[in-house]
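Read through the structures below before going on.
In the two complexes below, chain A is the common chain; its partner is chain B in one and chain C in the other.
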Partner chain A sequence: MKTKRHILSSRLDGKYASVWVSVLAVVLTLITSGIILLLMGKNPLTAFYSFLQGCGLAPKANYGGGSGMLSDLSDFLNYLAPMLLASLAFIVGFKAGLFNIGIAGQMLLSGFAATVIVGYNRSLPAGLAKPLVAVIGIAVGGAAGALVGFLKYRFNIHEVVSTIMINYIISYLTGFFINNHFVDMLTRTSRICSPESRLTLTGVQIAGVNCKVPFGIVIALIMAFAVQFIFERTSFGFELKAVGRNIKCAKYIGIGVGKSLVLSMTFSGVLAGLAGVTYYLGYTNTIIPKTLVGMGYDSISVALLGNASPVGSIFAAFIVSIFQQGANYMSSIAGVAKEIASLITGILLLYASCGTYMKMKAHSVILRDASREEQRKEEET
Partner chain B sequence: MSEYIVEMRRITKRFPGIVANDDVSIGIRRGEVYALLGENGAGKSTLMSMLFGMYEPDAGEILIDGEKVVFHSSNDAAARNIGMVHQHFKLVDNYTIAENIVLGIEPMTRKFGIFPCVDIKKANEEIAELSKRYGLEVNPLDRIEDVPVSVRQRVEILKMLYRKAEIMIFDEPTAVLTPQEIDFLLGIIDGLRRDGKTIILITHKMEEIKRIADRCAILRHGRLIDVRNVADTSIQEMANMMVGRQVNMSQAKDEPVFRDEVLKVEHMTVKNEHHFDVVSDVSFSVRGGEIFAIAGVSGNGQTEIADAIAGLIKIAEGRIVLSGREITALPVRERAEAGISYIPEDRQGTGVVMDFTLRDNLALREYYKEPFSGKGILHFEAFEKYADELISKYDIRSAEESKTIMRSMSGGNQQKAIVGREIEEHAKLIIFVQPTRGLDIGAIENIHRHILAERERGAAILLISLELDEIMALADTIGVIYSGQLLKIAPASSLTSHDVGRYMMGVKEA
Partner chain C sequence: MTKVFTDGLSFALPLLIMAVGAIYSEKSGVTNLAIEGFQGFGAFIGALIAVLLMPVMGNGSQAVIYIAMAGAALGGGVYACLHALLCINFKANQVISGVVINILSVALTAFFTSSANTAISGTSSNKLILGVSTRFSVPGLSDIPYAGGLFKNMYPFEIIIIALVLFFSYLMYKTRFGMMLRACGENPQAVDAAGGDVEKTRWIAVIISGALSGIGGICFAYSLLANFSPSIYLGYGYLAIAAMIFGNWNIGTTAIVCLIFGFAKSGGYQLCIAMGLPSNYSDLFLMLPYVLTMLLLIFFSKKNHPPKAAGEAWDKGKR
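Then we have the complex of A and B:
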């Protein structure tokens, strides 16, 4: 007798368990947030559909002059790029057993450095400025990550503690410089950077509508496959995974654990740095002083929803970005405060982190059914 | 009155995936020592956990004094005068012995006739008296953290006596004791029997059953194989019934052929994080073709010796020389490549990555070398080939062969994988720490055979074990460690297990 419970359990216990767990997490999140929306007296279907409309994934009723569905989609990809990079940053640390909570700070620091060094240098041509922005992102993010790894290795300071503290330091330090030197008196944010330095081309006409061309999404996708390759195919990735899964065993087989910790944090920081420059010199072109972007934290739920798999996180980033990026339009259509997007992301994180529990539960259901089946057969004979 | 004080009828208990007890019926007479013999996983502990109320049986019934009982918790069992000494003691370290014993049923008094207080003075007196009566020799005022394992065990026995237990269950009581302590414990058990108590002894050691038990039930794979009178059953018969086939009780061991000195440890001192000497001024050497065994009670510095030689911990003083080359300052991997293999004590915590597949775990010593990788890229075909080779050579059994996740394999097969991986390095020195702890007879035989084969090959073998039987069976030379010092180094043939036991307790001259 195959019950629904059994079928669901066998999915969660089978070969593609991780995929099914993520799918289940998304379904449960939609149900839970749907209930919340119902309690607020709103129609959840309208709300969910308008999230898609806001991201250019479904047509809106009407568009403003010069824009269309493609404009919204290009906006969405522009947001997706740093989101994916940030979640890759988290994954790289996570695989080596490190919980990098400092992604938001590392993004801000590299975005700030690239803005000041390249963004305000009006003489650089685009062909030089754009690669330089990426290089600065890599260098500054990498250095910020390496510092955390070094503190952990040398002084045994837990990375969660050090990254939280460093987040504050970066936030206030860059805020101080922006307010004193680089502030736009009108917007109270940093002065915008030159179009030459920005990693997103704006105002490009495609199929008759105004679109953005984000280079970041290309970088992000390449990085996703590169990270996947490193962890699946290289001895460097093999060592990082061994350190992450069992640090005592890694020491015992002679892996340089300290070096691995520093390298993985550096690598994580590099990706966070790239996320920073694609955010601050791509998605936006200005920095709000003393503010860490929520994306740095959303990236953790993306990584967990994607089961800490780089390719899985492409899909996870896609889903989370729909809620974040579509929130404004949803808010105007369904009349729900756009903060609901963060609430939904939070619920998603909650269900995604129950993944191991779901798998375990499924496994024990399967075993119990099997032993009952056995018992039944025995009794028959 | 019923013939049996305890009767378990047609007990069946299933856990997900296995049947732990399958239609088991036993009857235990008042005042006898009844042994339950079986390998790990045979279902002895599960059966007794049901008698002690920790699990409820899926089918079958339990009778105490001929009266049917249903236990929902161990409190219910305690109410019927059943007590149990678990393998891992359940004591509060920073409480005194008396406090531990009365915990839960403290004698109360009222100070000034109003305030309820624990009458610890009365408890101390009662316990001192109880201890004297049964020859247990404990001081009720000592703290648990200050007393050795054997005394802690006696505290557990006192706990049962204090609770007026008539039926006492001992789960593997001798696993942590030296031969002298075992003698003492068996004497206590005999005294309890003379006092009319009923004793149930869970064990896999036939010698003890022979010495103390009246009857013995043999369990295998959850089924009751037979119940025998101990007096008419030989140790060999018990072993065969326990395993289900003819067992070779001791491995044939050839005369040693010693070769050149491989490992030389000179005046080695190791300090722990509190700068306290855990190994102090230890010197010894191991030749090729020699099994050098370090005997000692757990926690006397033996694992630190192994870790220090393998390079996992730094030494404070001294030198380590491998085949004439000083390796004191080398990192772990260079030592491994210089010719050291190491089977660590904590096989799951240190020896393997539990979330990796069997294939990846078998390649842990090789993954960075040709043909397993080239230019930093892993070649999984080589991994597969190597894994398949080791799986058949070392008889490693698992559900999905090389793709099995380590975590889902049995302890015995995990250990076979580690032993196979380390032996395949064909190292000059192989360190085995507790290589057979918790394994069944089949796996123990398998591993002992490999150890002897490596000795034959000419490897130097450092064997560290808490099982004195294992040391006596395998060692060519025995070093006895006590409190971080090697008290005695002598050829195995010149020592009896009682001599070794005395040194293990710190006696300088036997």
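Then we have the complex of A and C:
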């Protein structure tokens, strides 16, 4: 006889266990945050639906002039691009056993460098400026990541501590330069970058409504499949994974552990750098001084929810982005503080990090049921 | 010059109490990167209690501060149970758990601060205004040239922290419980064989860690910031962890490192004022503790000896 518990356990123990763990994490998160909303006297279903409406995935009741569902959807994709790139950055480090908590800092540094070098250079044509922005993002992010890897390998500094310190240093340093040289006196943020350098085209008319065309989402999807390919099909990816699984074993079979650590952090930094330029010269066109984006941490939720798989993280980034991007509209409809988006992401992260325990528990339930079944058969015969 | 000592001490002591919390957790064998989250959550609970009590007990009543500190310790301790549950019972990766706890703490406090503000005062501010604690000077001692700054304009919580640090270093180094706790971090199998309960000891250690971090957090809220807002997540929890690493997981040495951090921070700030630089430049000096941490880590990280069993979930059947 198969009980509900048994079916759930066999799902969590089977071939697609990781997928089921993520699905379960999402379901548990929706239940938990639904309870929180109920306790606050709000209707959770309305709230969840308005998240979708805010992202252009469901039609709103009414739209302002020149905008429509498609413009919300293009906004959503514009946000999804840096989110996906940032979570790929975390995954690359994570596979090699490194926790890159410094994604927000690496994003800020590369975004700042690209804004100052290309964004304020009005003479560059779009065809030259856009690739240059991406190249600067890759170079600056990669260098920042490599530094962390080097510190870990050469001086044995835990990357969580060093990336946090570097985050604050970058935040204050760029804040200092922006406040002194590049500030817009009116908005107190950095002056906006030129439209030629921005990786998102704005004000494009599609089907009669104003839309944005983000190039970032193309880059992000290509990178997701590239990262998947590298880890599944190349010896470089295999070496990184080997270092992540068991560093002593990797050393024993002759993998250059130091090289792998530095390379994986560099690669992680490259992706964070791309995320930075698509965020600061795409999703927005200005930098708020001394502020690290929450996306750096949200990307960790995405990566863990996607089971550290690049293709899985496409789906995970989609889900997390719905909450983050739809929060403003949800807040205006349901009257809940928009900080609840981060809370939901945090709860999601909490459940996703219990994945190992869920699998372990399911496995033990199955073993116990199997032994009971055997006992019953023995008694019968 | 005296100001360097005064400000330095009031920064160093909350840092120290958080570092002691971190030491307790790590010495028992649970890697603890969650200090930042513990201190923020503890400070939030303390601040919430203070904001609720202030109208009842009258503004400016100093008793509120002590109740808030107790509340912060309680809040931090309760929140730490989550880390203990994940690391000890669920056997999750302890570094991931720490990061999760920190992120969740930022989200929880930000959301509930604005919800609480809406409920209490009807405004949607993300700050709980606390004000600054009163200060006092020790008569006699504060008149000593230069070093007298250590005894001038002290916050009352500094005395409490010193007492707590002394008590907890006695507990760790001079009692049976402390020895068992340290053994759990070095060789849990031996503790088990000797009849000790490894999981229980680690639970207690993590809860102590949360409570002490909570106290550190509310002290920062009452001195540096004068309010509770998401800006309490300044990375000082990580500074405490760094101090613990240089201090080689030893409370005495860690105390010295914390003092160095404190004096470097206040010294840099006073230098900025003395050089007559415009206020824009203060950003560069706020960077100092982080830069100093990086430099110290580069020079001291190779030599230290972390507890052997830290970072591993305890497996009774393992040899």
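Brief remarks on what is shown
The working rule: the second predicted complex is superposed on the first by the 381 of 381 C-alpha atoms of A that agree within 3 Å, B and C clash if a C-alpha of one lies under 4 Å from a C-alpha of the other, contacts with A are read in each partner's own complex, and residues count from 1 in each chain.
The criterion applied here is as follows: a contact is a pair of C-beta atoms (placed from the backbone, for glycine too) under 8 Å apart; a residue touches a chain by one contact, two chains touch by 3 or more.
What you see is a predicted model, and the numbers here were worked out from it, not measured in a lab.
Chain A has more of its residues touched by C than by the other of chain B and chain C. When the shared chain is aligned, chain B comes close enough to touch A:G254, but chain C does not.
When the two complexes are overlaid on their common chain A, residue A:F236 makes contact with chain B while staying clear of chain C. When the two complexes are overlaid on their common chain A, residue A:Y357 makes contact with chain C while staying clear of chain B. Of the two partner chains, neither chain B nor chain C is touched by A:K377. Annotation: chain A has no residue touching chain B in one complex and chain C in the other.
Taken in their complex, chain C has these residues touching chain A: 33, 82, 86, 90-93, 95-100, 103-104, 106-108, 110-111, 114-115, 118, 124, 126, 234-235, 238, 241-242, 245, 280-281, 283-284, 286-287, 290-291, 293-294, 297-298, 301-302.
For chain B in complex with chain A, the residues that touch the partner chain are 14, 16-19, 310-312, 331-336, 342, 344, 346, 349-356, 360, 364-365, 367-368, 373, 376-378.
The residues of chain A lying in touch with chain C in their complex are 40, 99, 101, 151, 155-158, 160-162, 164-169, 172-173, 175-176, 179-180, 290, 297, 300-301, 304, 337, 339-340, 342-343, 345-347, 349-350, 353-354, 356-357, 360. Every residue of chain A that touches chain B in the complex is listed here, in rising order: 233-236, 238, 241-242, 245-246, 248-256, 364, 367-368, 370-371, 375.
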